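So that you can tell them apart, the chains are marked A, B, C, D and E in the order they are listed, and the count of residues begins at 1 in each.
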Amino acid sequence: MEVKDLAFFVLAASAVWTGWRVFRVDSMVRASFSLMLSFIAVGLIMLLLAAPYIGIATVFMMAVEMMVMALFMVMFMMNPAGLNPMWMVHQHRLAAATGFITFAALTIAVLLSDLPGNPVDPAKPVIHDLGVELLGNSMLIFETAGITLLATMVGTVILSSRSGRYGPADEGSLPPPLTPGGRPAGRVPEDEE
Amino acid sequence: MAVSGLARLATSAPAAIYPVVGKDGLAAVEDLSLHPAVSLQPTPRHASVLLVSGEIRRGDHPALRRLHDQLPHPRATLWWRTTPAPGFPQAENVEGDVARAVELVWRQLMTGERRSEDNLLPDEPPAAWRGKGDHGQGGEGMMGGKPYGRPMAMTDEDQRDGLALDAYTACFGPFLSVLPPGLLLELTLQGDVVQSAKVLRAPFAQAVADEPLRRVARLLRPLGLAGAAERFQRTAAAQTGDLKILDRALRWSGALHAIPPGLGEIAGEDIRASLRRWWEQAQGIASPASLGDGRLVDLLPGLEWSEAILVANSFEYDRLLRLCPPDREDDGDQEDCS
Amino acid sequence: MSAAVPIIVLFYVLGVGAWLAAALDRAALKLMAGRPLAAATMAEPWRQGDLHLVRQRIWTERPDAMNWLLAPALYLILAAVGMSVVPFAPGFVVADLDAGIVLWGACEALTVVVVFLHGWSANAPLPLIGAYRYVAIGLSAMLLSMFVLIAAALPAESLAVSAIVESQASVWNVVRQPPGLLLFLMLGLSLTLRGPFDYADASDLAGGTSAEDSGPARAAWQAARLAMLVSVSAMTSAVFLGGYHGPWLPGPVWMLVKMAGVLAALVGATHMLARLPPARMLTLLWTVLLPLAFLVLALVGAEVLLWK
Amino acid sequence: MVDLAGILISSIAALATGLALQGFGLGGLSSEPQKTPYLGGSDPKVHAWQRYHVRYYSMTLLFIAFEMEMMFMYPWAVVFLEEGVKAMVEMGMFLAILSIGILYGWREGIFRWQ
Amino acid sequence: MTLAAVLIVSAALIGIGIYGALSQQSFVMLMMGLELMLNGVLLAVIGFWSFGLGGAPEGQLLAIVVMAVMAVEMAIGFALVVAVYRKRQADMTESLTTLRR
């Protein structure tokens, strides 16, 4: 058990440390992958908590998401590699205080409350149980997630893609007129009426 | 001790060459690449010997110096089919069997008999930055100044999707291994899409290097078919060989399908059609030469990097020279590149 | 102590396999180029590797030095961890995880990250372009491989690689889903930056992410690529070719034979197939190969239900 | 626990190998002209690190939404045989829903370079 | 390793996340703060599942839902960033005053 505690301590420290580094490094690539390391540490803690599937899947999903995060960070941040050290924050003290108070309050709540004690049996087939749950009782959650993801996919494409239905989105994307040379078909924007 | 043992083993590896090809030097370098004792490298970082083959322009000397300095130690320079230009003190001229000369130099470098060449350029950063700026990194504010000696790229309009992100403008060449030798292009890239292109210097004329088989080989290399390309070159160099094997390699590799249709189209002939035509010519099927002319700089904008490289490698040399009239008014810019 | 034996074997196989892969690679290139094949081809990887090791390492202007140094080492870690879930004989495995193929998937995803970091670190244009376009293809190819791995897990009723191997005692997965094997080999090419899926270290970028690598940095990166190739071949043999199952020969020998076969196939594809422009490849992956992966999954599902 | 230790030891060994390989080589710092990025002899005007124009950003966004389905598919695969046709139908529905998104993206041309 | 220890770690992650989300000026960094908060939530969920729920499958399902939320948040968030940048070249929260109205 000692080894397990030590592993937990090391992983927890690295999760918090890399999480903190996210807001302290200059390079956006390092920030993204620092966050990824935080997720990986949390995923490994989950392995220690007898959640083999969720733990490894967290690593898997977050590696992909943080890769995409890095692409966008570099794409939209000025000085993405941090060649000039920078400090782009506002209401810094307020934010730091809020963060710390949240941490303190949650910690006190954790220490004061009577936590439930019903540990998971290490021999329990947890992946199998999850599958049964997914196809049985929680079938609706599962299918709703499908619909949500579909909505997300369509939404991202609409928002991010330049080609609108009738041409580039940033140039008005007006539908063709119904009569030659007439007004564009469809609803007229309010401020042009 | 261990390192000297490694070095001894390494002497028997093929000599790593970065070729700098000048006027009429291409065919000789391509034939040299078939020799088992040498291996041509796409970047100076992988090479030990800088091999200058054929005469190069005076204007290209600064570029040559920079390439020389980009080789890791131990390194050496050999001049072949031309005499060393002034200003290259440690250069050595080769006559006769170049492969042996390269091998010898290579072995001497590895065993330490030959001293590695010193830098030709002064050991200075592109702009003085140490100790300047807000954090001693040479920059100012968020994007300003010259952090670590260079400014940062700035935003510019984009042709394709209207996201004005950073435009990377740089001179590519004159000895970039994926471009025809001597061609100096100023490209503005957004991501890997060419926004604008300028020819600053035309490629070198190559009198003898233009058999159809060699052209096919040059187009196969950027498609990742180094082996097949070498076989085409070998057949071209030997003037004889089994064309059936080549035909199979070409068809099975899917090279024709890997080239997007309509790419690099001049007068109705795109790269696919050129490749087909060259292959027919190589097989002895009469095929009319393409007469269409245009400008390389009009073909490149809007292309992705891989497509632009294909386009640049898809012309006969005499035709390529006609397609690359240097933009005269930009003479001033040439200084920026070297 | 006995737990250490599989680890030692793992590294032994990785090392010898990487050397074999490098020699095969040279041989395939020579075969395609029409050069004579000599026995010395087997020693060439050593010479080339040593050559890099005794030379200078160049750092570019203001590189991300930490990530440049770490990238090859991390790549090597992913190769080792990916292979650690593959059994070489019944019970002979470094880590018999319940979620083995999920771990392999995580290694695939992290490979994309590592290759990106390698290209990013040099602060040079050609590696940067290579890194970015690899992400597009690497992510998409990884998605496909997940579907075929899940299809392989269906008959085993488990995500553990050892269970998947056991489920192939009578019929190998390659019989159940031949296109699945092809899709997985494609992923292998993409993970190891080879041939038609070499968008990172490509020839049209003068070496792409490794264009600025010199000396030992180059040796380490190439070694890691080869180790990943071995890892991919081990996974392919275990998941699609029945792993250690086979007549006459002992199990581990079968495993090694199959791995060598997969290595040869991957190396051959490297030199025989042309690379599509990245945008065309992306479209192909999503519009042709992804539906194919769906189809494979559906067919395997139906087959498993009917012939259970 | 033994499995995890095995993976940990393998990782450390691989890390050590990867770093040790890079410990070889000639010593000495790179000189300033050596440090210039390779452009075929030209001197770059600006740093290569930039707000890089990723050409497939719509694809990546669609991808992270679509990829979530993996989280549901792995446990599904484990109980597939047990649950039989029910599992087949439910996952078929789920994938069919998500495929609509991919079809839509394809129609909008997001799998090309933007 | 106790439930309290796990929860304190997750509280620390949530705290740092809140700090990031409140203090960062650019959209993308702000989203990092959100992700970090969800990271903490994820850890807390699995902690409760492992120590308090006896491995009830709903706990794992909740973790998956949290991850789905992350994916959706990221996808839509970045899509918005792209759309806004295309229209006004802005990537900071302050430059969006016109959205206030």
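Operating definition for what follows: a contact is a pair of C-beta atoms (placed from the backbone, for glycine too) under 8 Å apart; a residue touches a chain by one contact, two chains touch by 3 or more.
What you see is a predicted model, and the numbers here were worked out from it, not measured in a lab.
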Exercise for the section: Treat each pair of touching chains as one step and give the shortest count from chain B to chain D. Expected result: 1
Exercise for the section: Provide the labels of all chains in contact with chain B and in contact with chain E. Expected result: A, D
Fill in the blank from the handout: Everything but chain E, grouped by touching, gives one piece
Practice task
Using mean Cα positions, find the chain sitting nearest the overall protein centre.
Solution key: D
Problem - Pair with more cross-chain C-beta pairs in contact, given D-E and C-D - result: C-D
Fill in the blank from the handout: Outermost chain relative to chain B, judged by CA means, is E
Fill in the blank from the handout: Whole-angstrom distance, CA centroid of chain C to CA centroid of chain E, is 33
Completion exercise
Note: chain E sits from chain A at a C-alpha centroid distance in Å of 5
Exercise for the section: Go ahead and note the Å separation of the Cα centroids belonging to chain A and chain B. Expected result: 43
Completion exercise
chain A and chain C have mean C-alpha positions lying a whole-number Å distance apart equal to 28
Handout entry: Touching two or more other chains - residues of chain E
Key = 64, 67-68, 71-72, 74-75, 78-79, 82, 85-86
Practice task
Among the residues of chain C, pick out those that touch two or more other chains and give their numbers.
Solution key: 53-58, 61-62, 97, 99, 102, 105, 120, 123, 125, 132, 135, 139, 159, 206, 211-212, 215, 278-279
Handout entry: Per-residue overlap in chain D, given as positions that touch at least 2 other chains
Key = 4, 24, 26, 28, 34, 36, 38-39, 44, 47-55, 57, 60-68, 70-72, 74, 77-79, 82, 102, 105, 113-114
Fill in the blank from the handout: Chain pairs that touch, by label, are A-B, A-C, A-D, A-E, B-C, B-D, B-E, C-D, D-E
Completion exercise
In the complex, chain A touches chain C at residues 27, 29-30, 33, 36, 52-53, 56-57, 59-60, 63-64, 66-68, 70-71, 81, 83, 127
Exercise for the section: Flag every residue of chain B that touches chain D in the complex, lowest number first. Expected result: 3, 6, 43-45, 60, 62-67, 69-70, 72-74, 119-126, 147-148, 150-153, 155, 158, 160-161, 163, 165-166, 168-177, 179, 184, 190-193, 304, 336-338
Exercise for the section: Would you tell me which residues of chain B are touching chain A in their complex? Expected result: 133-135, 137, 139-145, 147-148, 152, 160-163, 165
Completion exercise
Listed in rising order, the residues of chain C that touch chain A in the complex are 62, 64, 67, 97-99, 102-103, 105-106, 109-110, 112-113, 116-117, 120, 123, 132, 135, 139, 142, 159
Exercise for the section: Name, in rising order, each residue of chain D that touches chain C in their complex. Expected result: 2-7, 9-11, 13-15, 17-19, 21-26, 28-30, 34-39, 44, 47-49, 52, 54-56, 59-60, 63, 66-67, 70, 73-74, 77-82, 84-85, 88, 92, 95, 99, 102, 105-106, 111-113
